[in-house]
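Would you mind keeping the following structure in view while I ask a few things?
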Amino acid sequence: MKSAPDVALGPVQSGKGDPGEAEVAPEQGFMRAIARDTRLAFRSKGEVIQALVFFVVVVSLFPLAIGPETALLKRIAPGVVWVAALLSVLLTLPRLFASDYQDGTLEQLMLSPFPLPVMVAGKMGAHWLVSGLPLALIAPLLGLQFGLDSRELGVLVASLILGTPILSMLGAIGAALTLGVRGGSILVALLILPLYIPVLIFGAGAVETVAAGLDYGANLSLLGAGLLIGGLTTPFAVAAAVKISLD
Amino acid sequence: MFVWGSFGAVALAIVVEITLLRLRTLRIRHQINDSRVDRQVNDR
Amino acid sequence: MASSAVARDLGADEFRAEGLSLSRGPRGLFKDLSFQLRRGEALILRGANGSGKTSLLRVLAGFTTPDAGALFWNQQCLKPLAITSRRLLFYVAHANAIKDELSALENLQDALRIDGVASAALSPATILHALDRVGLLSQRHLLARKLSQGQKRRIGLARLMLVDKPFWLLDEPTNALDAEGVELFAGIVNRHLAGGGMACIASHLTMPLQGTSSELKLRASA
Amino acid sequence: MNIYKYASPATFYPLAGRLIPWFAVLAAMLAAVGLYLGLYLAPPDFQQGEVYRIIFIHVPTAWMAMIIYLVMAAYGVMALSFNARLSSMMMEALAPTGAMFTVLALWTGALWGKPTWGAYWVWDARMTSTLILLFLYVGYIALTHAIEDKKRADKAGALLVIVGSVNVPIIYFSVKWWNTLHQGASVSVTSGSKMASMMALGMLVMALACWMYAIAVALARVRAIIIERELENGGAANWLNTLNTQDKRQLTR
């Protein structure tokens, strides 16, 4: 089967009727995908709010389990908040593709002139806006419960803002691989949690180092590096995973 | 005690893995024989 | 009609499938299947359930990689889901690509945005006209969740009227449509074919299609 | 090109059958030499006495756990790029053995930790990373069993292992970082007792023995997988007639 390179069959006329239409650029596709998924998420707000409430509840369980003495709570605070954030993001991962897969819109996305990695990156961005970002914004409130001072809360929010997008990116791979599979949501957790461990270590580690008065810059920059590398590589992996799942 | 515990565990794991493989081949043999018997029976 | 303009510009004259074969586990769905479609032609896929109609359409759309065979567009081999094929193919399956959380109007706007239509050309006029033609103008702001299966299918029909791509792959497009809906559907496809478009439709109904259309019977093999 | 001749499962089946005895015998011999070196020739360590001999099985199994995962990733790349069904079958064949070696590495590590550091589990950087590696193995096995369609399961598993293998060094780095953050420099597995050349040799021989064993078991399992998939596709009957007598006798008593 001779496979020729992508053959351009003349000027692509995607405007309706007026041939002079400028070609719609891929970043436009990215913005459209983010806008589309965010709107869809706000239409079914329930899921988004439930994940947020889950985060708050899980975090407040620990003082009840471990006892109220502040010294201990202050030590475990970063770990508790980060693990709760991890689990909360994990809860909303199936949302990424499942509904589009059921109602057939995922196939429309795959047949869109915009490259699939761009559209998938948009979906990941939208998922972060509705899951990771809200977590990072209300985390300081919970940090107060654990007696963290303002500097530690600042680093906690910074680490969550840098870390949660990576969770959405890696999680998208798991969500795409387990599309349409029975018991998929638990399977996603099993597949993706090992990959979350470096983010957890550097995220929680950042807050611990600032609590110990050390330089937390390294942790945050490593998270930033993960964010950049992830941003450039995971969309392609997720696009491949979607194609595999729809084969 | 610890030394024999370690080497013993490895030996045990190897034995278990090999027996599981043998069982799998036996199961396949039954499947093949059954499918060959069906074929001869209804002689499609 | 829009699609004829696109077909001419893209020079989409002839689509050819050669030696396609696919099997799902023990079931060989189709073997060494070839066919050719020129502008204005339609191919109707007949066959009982599970005879591979849907799988064939998904192979043509590029989702499913066949065990053997290739697709050609104007004698050039087509990589599945490559940018060229994505600009030429429109595919809709049983689940007719409608988001329940969006209204009829929003669904159509969303579909066109995904289709890469420049935002300037997203004028509601053409969309409202299409909705009017399928009789959903009054319910255009109603969430799709509240519409009946037949009405959702009609949103799909409105979507067809706005599609800019020359080669349509439709899987049971007339499901849940009443007689008048089927009439409307045939009209849309005929206009598409008359405008130089092509279509491959899996359906049980005999289609009142004017253009030259051929049939392909897929046997439900063992 | 000869390579593609053996890339098809049907022709690879008899070849694998012929290779298994060789690897099995090699594994047994190497293991015998390795054990002799490790248990008799090597002098007892002045600090830990006899207990350090666990190294001779702990380090090879830990190495194998890692190597098999990377070999699976290599097969995964081949499975995705060349659409080679045999590569994904080899992945499926290697996974259980890799997981077994990981469990053994953890088990022997714990048994060695108790007398040396006083506790079965001390969150040592390498041991923790090996534990995470076990989760990656279990993830692959769970994913490939959860998806019914074999073709999709193969490709999905391949992609997961590739993504996993890219993350393994990151996990190792982050766990090492985490470990030094909390415990200071941990006792590394080998630096405790001085690395006599005898010990290095013993470990190397045992590692090779484990390697040969892994190949033999993987080849045997891949033969089983080839037949199972043929049965699933209903093609086993006629394909069987092409087998040579020795394979056929084994399968159709």
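Remarks
Chains: A, B, C and D, in written order; residue numbering restarts at 1 for each.
Criterion: a contact is a pair of C-beta atoms (placed from the backbone, for glycine too) under 8 Å apart; a residue touches a chain by one contact, two chains touch by 3 or more.
The model shown is predicted, which means the values in this text are computed figures rather than measured ones.
Measuring from the average of all protein CA coordinates, the nearest chain centre is that of A. More C-beta pairs touch across one of A-C and A-D than the other; that pair is A-C. Centre-to-centre separation of chain A and chain D, using mean CA positions: 33 Å.
Averaged C-alpha coordinates put the centre of chain A at 43 Å from the centre of chain B.
Remark: chain B and chain C have CA centroids separated by 50 Å (rounded to whole angstrom). The multi-chain contact residues of chain C, meaning those touching 2 or more other chains, are 65.
The set of chain D residues that touch two or more partner chains is empty.
Across the assembly, chain A contributes residues 247 that each touch 2 or more other chains. Of all possible chain pairings, those that touch are A-C, A-D, B-D, C-D. Within the complex, the chain D residues that touch chain A are 80, 132, 135-136, 138-139, 142-143, 146-147, 151-152, 155-156, 159-160, 163-164, 167, 170-171, 173-175, 177-178, 181. Interface residues of chain C, counted against chain A in their complex, comprise 2, 5-6, 9-12, 61-65, 69-70, 73-74, 76-77, 79, 81-84, 86-102, 110-111, 113-121, 126, 164. On chain D, the positions that touch chain B within their shared complex are 35, 39, 50-51, 53-54, 57-58, 61, 96-97, 100, 103-104, 107-108, 111-112, 114-115, 213, 217, 220-221, 224, 227-228, 231, 236-237, 240, 250-253. Interface residues of chain D facing chain C in the complex, by the touch rule stated above, are 83, 149-150, 232-234.
Per the touch definition, chain B reaches chain D in the complex via residues 2-3, 5-7, 9-10, 13-14, 17-18, 21, 24-25, 28-29, 31-33, 35-36, 39.
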